[in-house]
Structure formats: structure tokens, C-alpha cells
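Two complexes, one shared chain (chain A), two partners (chain B, chain C).
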Partner chain A sequence: MVRHCELCKAKRAALVRPRNRQQVCKDCFYTAFEEEIHQTIVDNKLFNRGDRVAVAASGGKDSTVLAHVLTLLNKRHDYGLDLFLLSIDEGIAGYRDDSLETVKRNETQYGIPLEVVSYKTLYNWTMDEIVKEIGLKNNCTFCGVFRRQALDRGAAKMKAVKMATGHNADDVAETILLNIVRGDIARLARCTSIITGEEGALPRCKPFKYTYEKEIVMYAYFKKLDYFSTECTYSPNAYRGFAREFIKDLEAIRPQAILDIISSGERFRIDSTAKMPEQGLCERCGYISSQKWCKACVLLDGLNRGLPKLGITRTRGKGLANGVENASGGGKLASKDDRSPSKANIDF
Partner chain B sequence: MACESGQGCGAGQGCGTNACSSENLCSKDERVFPPNGKKSGVCAKCKEQPTSEDFELCCTCLHTNLISKFKTAVNQNSLVTPADHVLVAFSGGAASRVALEFLREIRLRQQTDLDASRGQGTRVFGLGVVFVDEAAAWSGPSLDLEHTIEEISSIILTESERPVPLHIAKLQDVFEAEGLRSSVGLDEDVGIRSSEEMLQELLRNVEDVTGKEDLVTYLRMQVLQKIAKEHGYTKLVLGVCSSRIAARSIAATAKGQGYSFSADIQYWDSRWPVTVVLPLRDVLARELDVYCRLANLKTVVNKNTLHGTDKSKSINELSREFVSLLQEQNFSREYTITRTMGKLKSFVFNTPPVGPIEMALRRRRGIETPKPETVSAANTVPDLLCPICSAPLDVRDFLHGDVEFTDKSSNNAESPSVNSKGDLPALSSDTFKNMCCPSCRFQILPKNEPKTESMVKALPEVMRDRAVANFEDKQCWMRSRIQEYLLSDDED
Partner chain C sequence: MHLTLEFGGGLELLFGSQKKHEVEVTSPDDLKEVTMESLLSWIKDNLIKERPEMFVKESSVRPGVLVLINDSDWELCGRLETVLEENDEVIFISTLHGG
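For the complex of A and B:
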């Protein structure tokens, strides 16, 4: 018996939507997928006409589909956006070289320009060199901090006013759970925002906030989008793994659960007192930071002084070690002393 | 995926959480219990008594520790006062067992003190125990119910010189006094059914495993309330401990109950006819289990709850497993989760009333008394509770609720037959749905129309009445917003 598409009732159903288990044909899937993202963009006023928008592009599936869908919607609904791809070269031989090739092909496929910013030029260290120093254990701490800044700087250099990232619904749900489990109420309050960093120079937004990871893969697969699917060579074995597993199990029982976690996250009644510590600017590089030095500068300083564990290792006690721990606190809800590390604490 | 996505930290901030391989970086102030102190065999506190079961404290020290947490919770939140009549919901498990034991102990001490001082006019609080048999919900005939009750009776009645009344109830008692009276909307030919049949018919309507489990929990609470009310109790004690709260936090998050969840985990919850209190909120399940064994407190395994539904499809079960997995990695994880969720804002009904003496005491101790939220009466959105689960409704659902459903129900007579005074009004199933929280709409109420209708009819009267009251409150509120444009006082 031929199953007909539940939406158009005409064509043969080709797939089951992971989001709601609806049986639909490919065309209806594309339309639904794209228009749901359009709806998210419109409902949340993610962009304004004329915005110059950096699309964070890693060559992975999320960012590849994001670049594709944004280009398409920009034309279809006449957003009037000036889009470009922004990519980071971390300097990871094999992994990044290949994925950069993918992004370069995307550049021609979508007809939007590409900008590449490398760790080497920004920090004078490649990720491979960093790993040689610190070993495999904490490299993702570096990667996360450095990449974030690198993207911001690349975007600023290209005069972007906004950045779109490929975080999907699964990522957001996972982050919500992690913040609960870690007891980080301040982050829990912020992590569901679809636009972050509005107070800074370059707001970031997540057009895929409500888009299921499985549907992104499905879209890329059926559209035969060119993406790079190998995990980062230095991919973390992280604690995150537990949360990810849990979400996959939940999704199997009840697909709606991913959206429900996000909805819970959006609706938690969190007192405004649990909000962010004040943001200032890094005294060294001028990047936005709640501490004297931004986290990248602290990590970098450790690397350059041959003490790469600075800013990573959690140290108890007082004096220098304590100062470094404070400085590495990043955006965490900090006590009063954390916010104003005295000069004596960090001896450069 | 962290590195692959190329976008840094999911939290949107710069800590590199995406990557956090050392999760220490993100969490401070964790009290890590040494899983096994080097010097095994000797109590970590008194350094004298021997320990067992790999637990760090001896029985005496564990008792001191637990009862002081219990008393602190009770005293700081005025959970139990001498004027109270306290009903302990006993499940047979360690938590409610310990709650009962501690209340007995505290009462005995108060009595002794009172006798010694020959104080007149003061008295100690009253105590009773209730057990709700849920067998009918899961497997039909009660397995070993008699045996279970015998065991419970032996725990409750024997050892104490002043016996505590024990109430045995069944889950289907929620329909009691309803079976004979056919309410409006119920098919005439249904005739008289037993309350057990009514319960089973209700549960048959719920397809989702988690939804069914939760509905049983909600019904159980209604039965507890009913018993408490009937026998003049003023407080209902639940043995909800920190570990349970941790698992429920995760489950509630996954069910989309983020808005209302904080209401369920406070010491004090007065949204019910009889106020519910949680004196064990700060204690871990493991501590309670160990204490019961060390102190020889008998617990009863309630066999009926063990094989009910397909556990592998339960979000509650999955969340429990997730949290215990995390707890294995870090012994303070459950506390951390409970503390996080404890920071969420609670509701007005979660604040215990503070008497003048307590107020003075608090001022001396430097404890801040939260001011009750001032409510401006006119035009405020009414505080409504979900008819099924009693969760406070979020204004956002409340306002948008209609939009979602009315297109289907517009020809379906939105207004209930409230006007015919004296009769029980019946709501259309769509309207009923609109009065429920999103979570109940999704996991308890059926998706398609005819089924919803039979489901709504099968719900106990308390829940249907709540929906009607909600509807009236909402109408009233809507009316207040358009008042100035209305020309006559007519309803229609």
C-alpha cells in the first residue's frame, strides 16, 4: 500500500519527520523545513533589512545547511540581507584543511563571499601546536574560547552587524540540561535566548533554535549538500556525552521532548538577580570580558609563558592560582571578589 | 559536534562549555563527599562508632544529621505547629518511613517537655498516617494487599505507646460518592459503575506511558487530600527528598513544565485544601535508605508499583536513570540539581504565613521575610491551576490557548451551560483542554476529538469542577477588560 504525504495528500510519502513523525513527501519536507525557519526568523525579528550578516561556516552539516537555507530564504522572502560566510582555520591538519575545502566550494555554490580567519594570524598558535603543549585533555577549552573570539574578530573586520550560527534545537536542549546539572542558574537564564550578545558589538542569533538535528541531516542528505562530516580530530569525550545520550533516548520515546526542554528553559521563573555579571573590556585586547583580561588572553598568556594549564586547571587556595581561576571564570555568575581581581592576584 | 559546528559555546558565552572536557571549570563550590574515606570502618564525625555499608557516618551521627535537617526545615518554614493535625502520606518507602519516625520522635519529646512543665493550654500536634493502594491503576486486583496492609499496620500501630491512626485508601476512592450520582453530560445508559471500573476506564484513555504515570500521581494527591480533609487534618507530609526532586527536575524539564515546576518542590504548598509540606527536601535518598537499615526501620516494598507500565517508555524513569548516572560520577550532583531548581522563583502559595513571634525571631536571626506580592485586584490575570495536575497556568498559554483551538470549536458552543443554576455545568472538551497546562494537554488528554470527550467525562469531579471554575474566572477577567464597551449586563 502506498502511503501518501500527509501534507499534500498527492505525492508518495518519502520520509517520517523526526520532529513530529509526520509522513511526508520530499517537497513538502523541504517547504515545511524552510518555512519553519523563516517563521522563526520573522517571529523573533532576527534580522533587519540591509543587515550585513556573517554566517559562521565550519563546513559541518549545521553551518552548511544554514548557509544554504539563509541564502535561499533571503532571495525567496526578500530579506535584503548582505550575507557572507565566515570560517575559522584552527590549524588542525587533516580536519580543518578538508573542511575548509568544503566551505570554499560552498562559496561558489551559494555565490556568497567567504572570509577565513586563522588562529595562527590571530594568536600566533595553531591548534596542533597548542595540543603539542597541553596534550589532548583540555584542548576543547582552548578551541571554544579561541574560536568564539576569532569569529567575532573576523566578523568585525568584515563590518558585519550580526552573526548567524548553526546551533540547533538539540544543542540548545543539551545546554539547558547541562546548566541545570551544573547548577549554573545565570547561564540557565541566558542560554535559551535566540539572540545573544546584543549589548556587545556583534549580536549572534540562532535561526535553527527550533530545528531538529536529525532534520538538518535529512535536509542535507536529500538536497545532496556538500558538507564535511568528520568530527573534529580533537573532539571532546566530554561530560556533554551523558546529556546528549539522554536527549537521544528522550527523543526516541517522545520527539516533542526536545522542544519541551527548550520551552521549559524559556519559561523557568528566574529572578533577575541571577543575571550576568557586568561586562567590561579586556585590558589587553579590548575584547568583551567580565574580568580584567578576557579568557583567550589568559589562556594565551599561559601558553606563551610555557604554563599552558593556566586558566584551565581548577585550583583551590589563594594567591596566584586563585587569581587565575577567577580570571578564567569567563561569564560565570561570579561573587564580588571574582569580578574585581586585584592586581596582586595576577602577576604578569 | 562541538568542534564540528564551529560556533563555540552553546551557552552563547565565552567559557567554552561546548568543549568543557573538564567540567570542573564550570562548577564551583561542590561539596564532594569522599565516596569511601580511607579509614573505613570508623564514623567520620564522632571518630568512635563503627560504620557499615560503606557509609561515612555511624547510625547515631546519621540520625543527628538527618533529624537536624528535618527540624530546621520544619521550624524555619513553620511546617508543623502545635495546633496542627499532621497526616503523613506513607508509601512504604524509606523517605516517608523516616518522616513518620521523626515526627513521632519530635512529638514524643514535646509531650515529655509539656508534661514536665505542666503547661496548660499548649498541646502537641496530632499525627496520622495514610496509605493509598494504587493496585487498581496498574494490574487490577491487589497483589498481596492484605499482607502489605498488615505490614504497614505493624509499623504504625505496635511500637508506639500512643497509637497513630492509619487510614487505608484506594486510588479509585477519588471517584467515591460520584459513582451513584450521574452528573450532567454522562450518558444515561452508563448506569452504576464501580469506582474501580471508572478508574480503569479513565486510565485506558491515556496512551502515553509517562502521561499515565503522572495522572496516577495526580489522582493519588486528590485521594490524599480527600482523606486529609475528611478527617480534619491540617497538614499533609510527603516524603519527597532531594534525590527525588533532582530526578523530577529533569523529567519536568523534558515535559515542558518549566514554568510551573518550582511550585512542586518547595517546603510549603498551600494551593491544596490541606497544605502540603516537604520536610525532607534537603535529604538524599541514599542517606534515608542507609538510615532505615542502620536504625532497623522497617520499610514495605509495594509490589504493585513495580510492574505497572513499560518503564523503558517512561520519561520519569529515564530521568531517574540519568540523574543516578550523574550521581555516580559526582556525589553532590543531586544536591546541585536541587539547588539550581530551588533558585527558581516559587509561587505565592509556596510562602508560609509568618506569625508575629516568628517574625521577631527571624529579625533577630537576620532572616529576611519575603513580602507577599501585592496584587492589584482590577484587571489582573487570574491565577489559575491546571484542572488535572494543579500546575499554575502560564499567562502565555492562557492568552493563546483559545487561538489554538477555537477554529475547530467555534461551532461547538464555546460557552458551557453555566446558566442553568444548580446543575453541574459541563464544558465542551475543547474548552476543557484550553483550561489545562500544555503538559497535560500533550501527554494526558487524547489527541483526537471523540476520545477527548470521553476522557473528560471520565475524569473525577474535582478536576472537572476546577475546569469550570477556571472557565468562569477567565470569562470574568475577559469581561473586565471589555467592560466599558458593554451596553447591557446580559451575558449573551
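For the complex of A and C:
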């Protein structure tokens, strides 16, 4: 039985859109997909004319489609943006080297230049080396914290004024759930913002905030876009996996739930009595931080001093004595260095 | 019946790193039609090389795996109840990986 597209009534329907269960043909899908993203960009004023924008690109499905769609919309609607691809090499053999090959191909395919920043250069540690040091638990924390900074530094080096990431609706819904489950009120308050870091030098935005992951994959499939799709070697141990599994099960029953979770998240108002961290600058590197030292510095310090749990385990009880004990995961005494960050209130 | 199966988005790793498979599928009772449900069962029993839980969950695909039958979303033709025909092309794409 051939079903016809509900929009053009002419061509054969190729997919069912999760947001509204509409049955659409490929061409109507492309138009709806692209123009909805254009509307998100315009409604939320994500860019200004002349902006030099770093497109965070990993070679994966979201960033590849992001690069493709931004390039297309930039031309079609004359945004006047100066786009380039920014990639991070975390040093994960067999995973990252392969996906970087994909981004190099994207550079040619979309005609926008590519910049690669590596953990080795920035931190003198690759993820593989970090995992050897700390094991398979908590390595995603290191990677996430380091990558965020690496992207900012790479973008700044390339004189970008903004960054665009490929986070999609499924990702945002997962993050909202994760933050609720962890009781992380500060992050819960921030995680639905489509633009973050506006007070800093490099705001970043999520043009795909309302775009379903299913549609990103279908778009890439139908348009034969070149992307890399293997799970990071270390991801089976990531906590986010539970939120992802749950969201996928929810989507199977009621696909609109994903956008509804985002909508709920956007409407959360934080109780004024909740204690929120204040934003300052890291004493060691100048990066934005709510603590004396930013998370990356704390983690790096721990790695370099052979104290892998520094910045990971939550201290128990009051006072520095307890903090010192906890930080010395391997039974070694931490140094009584006065310049060390206050170990008593690491926020995880 | 003869079917062409394709696995993408990382799923190929469960099938000996081979993306495309030409297969001959028979339903348990030869007179019955081959539905998507019976195909999944057949794949689990005959084709998948490792970690079936990454591909199937209960009697359906693992949530996060997209299915296309002859280049169309299986949501259009009844998902598990879709009746397959000779030479149909079924594509499975996983979305469960980094972006």
C-alpha cells in the first residue's frame, strides 16, 4: 500500500515525523527539516551578520548534518556567516582517528576550513593515557571537561566569536533527566538554554535543540551524507547511557515526549532559596569557573600528581582534613600546598 | 524468500563488520508469511554474530534503531506487522552513538 505525503499529496511518503506523526515524502521532509532549523536560528537570534562561527565537528551524525545544514542555510538565507569546522583529537586510538578522517572529508565536501586541536598539545595527556592511569570509571568526566575547554581554546585561537554544536533534542532531554536524577540544580537551570556562555568571550549555541535525532539520521541517510558512526570505546560505562535508554523507550511509546520534556525543562523556575554557584575565573588558567580552580585544572593537577581521584570523589564531612584524605585516593598524603584549591567543596 | 538486508550506524559490527547481506529467509511454518517480526527472530537466530541485545529488545528492535523497508520508514507500513515480499530491501540504522 502506497501512502502519499500529507503535505504535497503527490509523492510517496518516506517517513513518519516523530514530532507530529505526519507522513511526508523526502522532498517535503528536507524542506521542513531545513526550514524549521532556519526558524530556530532566526527566532532565537543565534547569529549576527558577519559572525565568524566555529562549527564543533566530530565527524559524527549530528555535527556532519550541522555542518551541511549551516552551510546550506548560510547560502540560502544569506546569513553572511564565516563558518569553519573545529575538531578535537582526544587521542582515542581506533575511534577518534577514524572520525577525524571523516571531518577532513567534510572540509572538502562543504568547502569550509578545518582546525584540529588535540588533548596532547593542550594538556599533554591523551584519553588513552588517561584511561590507563584512572581506569574505566569516570573517564567520561575527564573527556567532557577537557573537550569543553579544548573547543573554547580552539575557537578562540581561530578568532571565532561564536560556536555551534550539534546537540539535538534527544540530547537535551537526556541532560534534563540526568540533572534531575543527580539533583544538579545549577546545571538544570542552564541546560535548556539554546545559547550558553553569553557573558563570556565565546557563546555557544545549539541550532538542533528542537531537532529529533531520528530526523537527523534520516536526513543524513537520504541525502547520503558521509558520517562516522561508532561508539566511543569507553562509552559503555557512561552514566548518560541510562538516561539515553530511558528516553529511547519513552520515544517508542510517545515520541512527542522528547519535545515535551524540553518544554518542561524550559519552564522550570529555581527556588530562590537554592544555593547556586557564582561564576568567577580560575586562578590557575583564567577559564570561567565557579570554584577557585576550574574543573579541568583540578583534574589535570590530579593526573599530573598521580592522584587520579582528585576532582572526582565527593568529600565527606567538614573541614580540610577529610578533603585531604579523600583526594589521596591511593593512600598517599596530598601535599600541603597552599596554592591547592579548596578540596573540601569539589562540585561534581 | 530472498531479501537484502543492510546494517548501518555501527550495527554492522554485530554482523561481522559486513554492511550488506543477501539472505534467504523462511518462516517457521512455510505456509505463513514472513513478517518483520519473524525476520527479526530469524536474524537473531541465524545472522547476528554477537551481542544480540544491541539489536533486538524483546520481539522488536532495540529502541534507537531505525528501520527502512524499500527506502521508507517502517512506521508507515505497520512496523513489526509489515508483511515482506520477495526481494524487499530492509535497512537497519542505529542512532546510538556519538554525534
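Criterion: the second predicted complex is superposed on the first by the 307 of 348 C-alpha atoms of A that agree within 3 Å, B and C clash if a C-alpha of one lies under 4 Å from a C-alpha of the other, contacts with A are read in each partner's own complex, and residues count from 1 in each chain.
One rule holds in what follows: contacts are C-beta pairs under 8 Å (C-beta built on N, C-alpha and C of every residue); 3 or more make two chains touch, one makes a residue touch a chain.
Here the structure is a predicted model, which is why all the values come from computation and not from measurement.
Contacts of A:Asp249 after superposition on the shared chain: both chain B and chain C are touched. When the two complexes are overlaid on their common chain A, residue A:Asp62 makes contact with chain B and with chain C alike. Judged by the touch definition given at the top, the superposed model places A:Cys282 against neither chain B nor chain C.
Touch criterion met: A:Ala14 reaches chain C, while chain B stays clear of it. By the touch criterion defined above, A:Val131 reaches neither chain B nor chain C. In the superposition on chain A, A:Ile41 makes contact with neither chain B nor chain C. Between chain B and chain C, B touches the greater number of residues of chain A.
By the touch criterion stated above, A:Ile180 is placed in contact with chain B alone, chain C being left untouched. Of the two partner chains placed by the overlay, neither chain B nor chain C lies in contact with A:Ala169. In the superposition on chain A, chain A positions 58, 60-63, 166-167, 171, 230-232, 235, 249 are in contact with chain B in one complex as well as with chain C in the other. Those residues of chain C that touch chain A in the shared complex are 8-10, 13, 62-64, 66, 68, 71-73, 75-77, 93-99. In the complex of the two chains, the chain A residues touching chain C come out as 1, 3, 12-16, 23, 58, 60-63, 99, 166-168, 171, 213-214, 216-218, 221, 229-232, 235, 244-245, 248-249, 251-252. By the touch rule above, chain B contacts chain A in their complex via residues 1-28, 208-210, 249-250, 252-259, 261-262, 313-315, 318, 322, 325-326, 329, 333, 336-337, 339-341, 343-345, 394, 396, 438-439, 442-443. The touching residues of chain A, counted against chain B in their complex, run 56-63, 87-88, 137-145, 147-149, 151, 165-167, 171-172, 174-185, 187-188, 190-191, 193, 196-197, 204, 228, 230-232, 234-240, 242, 246, 249-250, 253-254, 256-257, 259-261, 263-271, 274, 289, 294-296, 312-314, 328-332.
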